[in-house]
Amino acid sequence: MIEQLLFWVFAVLACGGAIAVVATQNVVRMAFWLVVSLGSVAALFFLLQADFLGAAQLLIYVGGTVVLLVFGVMLTASGPYTQIRTSPAEVIVGAAVGMLLLFVLVSSIGKVDWDEIADRLPATPAAPVNVDAAQWQKAGDQPAGSSASQVALGVQEQQGRTVRQLGLSFLGLRPDRNLVEGGAHGLAPGYLLPFEIISIHLLVVLIGAAYLARAKRRVVSEESPELS
Amino acid sequence: MPQTGDYLMFLLTTAWLLPLVGFVIEMYWLCWSHRLSKGAAYFAVGFIGAGFVCSLLALLIWGGATGWSALSGHHGADAGHHAAAHNDGDHAEHHADDHAVAGHATEHATPVKKYYAGTYYELARFGSLRLSLDWYIDSLTLVMFTMVTFIATCIHLFAIGYMHDELTEEYEDHEVHMHGGGHFSRPGRFYLFFAYLSLFCFSMLGLVLAGNIFQVFIFWELVGICSYLLIGFYIERNSASTAANKAFIMNRVGDFGFLIGLMIIWTSFGTFQFADTDSHDSPEAGLFTMIRGHDGRLDVSEDGKQVYLRDASGHRAEQNGQPRTITYLLLVAAGLGVFAGSIGKSAQFPLQTWLPDAMEGPTPVSALVHSATMVAAGVYLAGRFYPMFTPEVLLGIAYIGCITLFVAATIALVVTDIKRVLAYSTISQLGYMMLAIGVGGWGAGLFHLVTHAFFKSLMFLCSGSVIAGCHHVQDMSRMGGLRHKMKITAYTMLIGVMAIAGLAIPGTSIGFSGFYSKDAIVASALAYYELNNAHFLLFITPLVTAGITSFYMFRLWFLTFAGQPRDQHVYDHCHENPKIMTIPLIALAIFAAGCAWGGEGGPLFRLIADSELVPAVERVVSVGASKVTLPSHQGHDSDVHHVHATAGMLALISAFIGMGLAYLMYVQKSIRPSDIRRQFSSVYDFLLDKWRFDDLYEVMFVQPVHIVAAWCVSFDRKVLDAILHGSAKITVLVSGWDRKFDETMVDGLVNLVGTVTFSIGSSLKVIQTGRLRQYIMWIGVAVVVLFGALITAIPK
Amino acid sequence: MGEVGLNAYLMVGAVLFVCGVVCMATKRNGIGILMGVELVLNGANVNFVAFSRYTPLGLDGQTTALFVVVLAAAEAAVALAIALNFYNNHLTIDVDSGNELHG
Amino acid sequence: MSPETLLTCIVFLPAVWAIPLLVFDKEAKEAMRYWGVLGTALTFLLTLQLWLQFDTKTSEIQFGFAHDWIASWNIYFRLGVDGISLPLIVLTGFVCLLSMLASWSIDKNVKGYLMLFLILETGMMGVFLSLDFFLFYVFWEVMLLPMYFLIGIWGGPRREYAAIKFFLYTLAGSVLMLIAMLMFYFNSGRSFDLIELAKIATGTGKVATFDQTMQVAAFIMLFIGFAIKLPSFPFHTWLPDAHVEAPTPISMILAGVLLKMGGYGIIRIAFPLCPYGAQYAAYFLVGLGVFSIIYGAFAAMAQTDFKRLVAYSSVSHMGYVLVGIAVWKIVDGKTINRDYWTMGLNAAMFQMLAHGISSTGMFFMVGVLYDRVHHRDINKFGGIAQVMPHYAGLAAVIFFAGLGLPGLCGFVGEVLSVLACWNFSPLLAIISASGVILTAGYILWTLQRVYLGPEYKGPHPEALVEANSRELAIGYTLVVTAILFGVLPNLLFSPMQGSIEALTQSLATAYETLYSAAPAVQAAQLP
């Protein structure tokens, strides 16, 4: 029950925060509401037993990204245009389109029978054959899954403690899968290499960003009208 | 051990090549001496004089080798010849390595005459065909050599005096008028004149010495070019260079025929050699042996269409088992072809017109080249090639000669230029020689050739003396009475005139050289007429012309030397020439008077007749198309001998009539020439226009050639080039279309696509507002619409 | 109100997503647009994690979400740099003035 | 020097010699000219060395060698010499040296001129030396381009027209030659070897001989290709234009060497490779030759441009070459009097060489005048012999050589080819003999108008000074050569006799074989 309650609280907070971001005109306030929304999402992650992800969300988003955003706000808000108004027509149109989109999405979500979809999913390489979707769904609740292999691996799947599992899955060891029966390969695909590659990429991107962000005034500002 | 032939060859070759050395030295005279030096002339005289000595020596050696049989006074091919032939036959057998083929096998009934021949070097060899430079020496060669070198020496000497005014840095030519008025002047070209003369002597001697007909052709052309150079010596005179061109081109017309003759001979006989070649294993027959064998007769097949060729042994030659033959008509054509060359060179009808124009050259040239030697080369060739002529060819030769001698003599009647009179008389006399050869009087023709060379060169030199004395006045109508001032010239000239007129003391056989030779010709003609009555013109014409000749020659002498001066100015400035010019006159006059001493029994005639290859003791009856019979002319029973006295008398009468008429008209003045001129004005004009040959040729040949030439050029330009240009234009046109197609169709299509794309783009660019938020909005709208469509369109 | 299911989370994700989109579409402020992007990414992340919890996707969903988070951080850095440059060039953060690419 | 090195040097020395010219200063004209003269002189010496080493006793190819070039297509770098090509090689070296000496009058862009000149020489040498059809073709084209530029850049006022005309004509011929070459290539089991192809044509090769239709077709194409170069009557109009517009030294090379390639091609390629085709067209060839003689002479007579006149005289003179080559008399499949044909071929070769000397000389003599007074109108000359006697004397000798005066080189070739012609056809022989009159006519008339007379009538009379020592040296060299070969023709006949004899022998045999194989086709033969 508490879980339900928490869900609703945070769900409302997340959605409300998001709506507030949209509705607010002041950038600083928008940033605040964004923090609220993102924090709520982190809470939702906890509820979804993704502890590590939730923590990462808090650290990176709320602690990093949003601070960065605020910096941006401050750096750019020195001029007279701190508040840039949107025309009412645009707001109305935007709201209408948003509503429609929301309607489309919600109706889609409602129309899909997710259990059936999960059944129809292709037998992912190591999906345990003897465990049906419902059972599997509950596996999160019950420690020590019925799979002997999981036991053999010494993985104690505890509620929300996903750091170790995520780390192993990065190496290709999947506690949530039956690797013995399902795969002749021994190991599932790991994420370590992609992660490293992405890390390098991102590093490059960040260096590029730092380069771009260097404060330098345009010397010739008259060129822009010609380009338009 | 050197043989007679080697001696002869060595001497004559020396005589032949010395002038060439002289030519090179004189040509580059300015490199080692100066313009005013007479040295070049002395070189020239020295070399040709040495040549004369060599020739004379050769003649003496020849005489020694033949035991002077030619001069022994016997008639016909008698014992002396037999002995000579025997001797030489032995030589040939004993000395197989001797190049000279001397005589031939002695077993034959009729022994042949003797000659020496050999090869200098080979020009080319193609399989069995061989071209070489050869020498061929018989008595005719020797006589010609001696005659040419002697006359040339005299004329060289004379020229030293005559060309004296060229010894200057500033020679003023009074006949050339410049644009700005005044006369043309140039540095003198004394040395050059003698260089040309030397080159001519070399060519002429080479022609005489030639041992094959091809070599004759080579030197034939060379004397032609020398003649060209000498006629055109005064290169600044347009008339001179035109005359030189005319001479060479007309000669080339004759050479065209000559060349055809050569082609026939070359293809039919495969050799050009006169004499047999003495290769060690198999002697090859020369042309004369091939066609005449050893007995001097044509070997004609029964139907008269083929002539059998002989091999070196005198038997019928065989090739692949078949007897070698030549079509009779082809042989006639070859003969006529070669004779065409003679027509050109000897200025016979119809190519006679160049010779009078050639008088543009200096007078010594006229004397040497255009009377004594080169023009006589045509006669020499006809004589040398006589064994190859069939009776039909001879008949043609006779008629050509007959026409020529008459035409030229008639023109000479009216001409007043002293050199031109002599020129026409030269043509006329050459006609006599041709006629003689044509009627079978081979010896008579060549006899006349030699005597004529002497008296005609004498007369030319005399006229040159007159011209030099009168300061280049040539018109006889401005002369008269010159005998008082130029005694030597006048009386040597008189000797020449009497010689050419053929005068003699009636009743005796003492006369000038021309009497004997002309006598021989008329006798041959009469004998021929008696055997072939149809051809009476061949006798009447020379007889009448003898009178005409006498008339115009005496006319010349009377007009020039006798009577009163007609132009006092000329007369006053006239003077006798220095000794260097008169001595040659005297020397020549002696020979002109006496070289023919003894007539047909005399040494000269006998020497010439010695080399006749065709038997002369019997009649030759033609088997060809024309039924002619050639008279026999050797021996006491011969046809010619029978009529000799009659002919001599007739010719003498004719000559005296001519002389008398001239005396009456120009000295006695009992008949006034102007009356006759008026009476026969049309004939007079016709003659004065030289029978209008020049006009005829101008219309018939010169103009058409120019017209055709213009056609050719315009064909090139208007047809060939037009085709090229047309195709080029068509190509350009097609490529123009191509370009248009490219521009309109292909480019248009591409442009259309471009334009359409562009206009669509520019109409769509309105949407591209560049506003980020709008795009996002559109994305949202699009997602909604797509989903809506998806959901509504796809049924569950 | 029954047990919280997959659909509920998906709804939340959808709301976040739509808010992000609307935010991007209406805000003239560049920073606001950035925030919209963050919202969209969060919406997606919610979905990933939800699927990870309720479907056989398992840890793959979380892993992907993790990637997205990292990516979003980097993106924010880059976007801010761009925003700063934009500001330096236009002396404003109004994205409507950045319409040089209009047709 | 080994034969292989010698031949390679002869071909490539000039082109290699052109490379150092690049480093010369643009204004160092004298130095570059001397360099060029040195190069051509060395090449000429090499050709003389070749002559010395040449064995006149044998008719075979000498110094032959072959290297792989494009082996997959059977193309070889194959050079060699026989009696037919040797004299032409020496002539090329000779004429190139003389025209290089005559190049002092070129003052515009000397470096480029000399380089093109040297490359041209390489091309010409290559044509005469190569024994591979493909190589021959390559050199043939190599020669074409420098010539185009030499005319087109250094020529007279209408040089572009002339250069393009020359180029197009020659290119048209090349295309025909290319087609014929490929016909032989594919009919011979893929061979470009000229010797091998000739063997096949005479029926002694590795594969069956070329059939009659193909021979006729190939011969016609080859003949047109070479007749353009020769040039023969309907294809000759490029020649006057090219000659008139080309600078003097290039005219000398054009007349002295390039025209010979036509004749050489016919003797070396067209005849040996298609004996049947050659015999098939023999009468036509001789007729064309005779017509060219007469036509060229007539056209020359009507010219007022001195150079054009000489150019047309070339057309006339080269007619004798064609006559000499083709007097191949056949009766009933048997060659009649082969010696006369051998003589004709020899005469044709000699005529080419003699024309190489006399025509080169004539163009040079015209050039000397043109350098002084800058016009070529015959009617505006006159009296040259008065102001330039030494030069006029040399010119007269050279023109007499062109006229065919005995004792000078022009006579031998003309007369012998005419003499050889009677055996083939009396009618054509007579017509060709009449050329002697016309030739004398136009040459003497020209001499009269240009050299004789009292005074010069045209512009720039002050420029008429006696020839300088360089010009006299060239003139004397030509005159002495003309006299030497006129008096001792055997000097030239002796090296080529053997090869030509062997050629006529093999062709006669080949034709006999072909004739006996299929006598039916004879019906179509020309009279």
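Order as written gives the chain letters A, B, C and D; numbering starts at 1 within each chain.
Note that a contact is a pair of C-beta atoms (placed from the backbone, for glycine too) under 8 Å apart; a residue touches a chain by one contact, two chains touch by 3 or more.
Since the structure is predicted, the reported quantities are computational estimates derived from the model, not experimental observations.
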Innermost chain, where centres are averages of C-alpha coordinates: D
Between B-C and A-B, the pair with more C-beta contacts: B-C
Averaged-CA centre spacing for the pair chain D and chain A, given as whole angstrom: 92
Between chain B and chain A, distance of the C-alpha-averaged centres to the nearest whole Å: 124
Centre-of-Cα separation between chain D and chain C, whole angstrom: 89
Cα-centroid distance, chain B relative to chain C, in whole angstrom: 120
Multi-partner residues of chain D (at least 2 other chains): none
In chain A, residues with contacts to at least two other chains: 90, 94, 97-98, 101
Two or more partner chains touched - positions in chain B: 773, 777, 780
Touch list for chain D against partner chain B, complex: 165, 234, 236-237, 240, 295, 298-303, 337-340, 342-343, 346, 383, 385-386, 400, 405-407, 411-412, 415-416, 418-419, 421-423, 426, 429-430, 433-434, 436-438, 440-441, 444-445, 448, 451-455, 488-490, 493, 497, 501
Touch list for chain A against partner chain B, complex: 90, 93-94, 97-98, 100-101, 104, 107-108
Complex contacts: residues of chain C adjacent to chain A: 1, 3-4, 6-12, 14-23, 25-32, 34-36, 38-39, 42, 45-46, 49-50, 52-56, 58-60, 62-63, 65-67, 69-74, 76-78, 80-85, 87-94, 99-100, 102
Contacting residues of chain B [partner chain D, same complex]: 121-129, 131, 173, 176, 178-179, 184, 186, 217-219, 221-222, 225, 228, 232, 235-238, 241-242, 244-245, 248-249, 252-253, 255-256, 259-260, 262-264, 266-267, 270, 705-706, 708-713, 716, 720-721, 724
In the complex, chain B residues that touch chain C: 761-762, 764-773, 776-777, 779-780
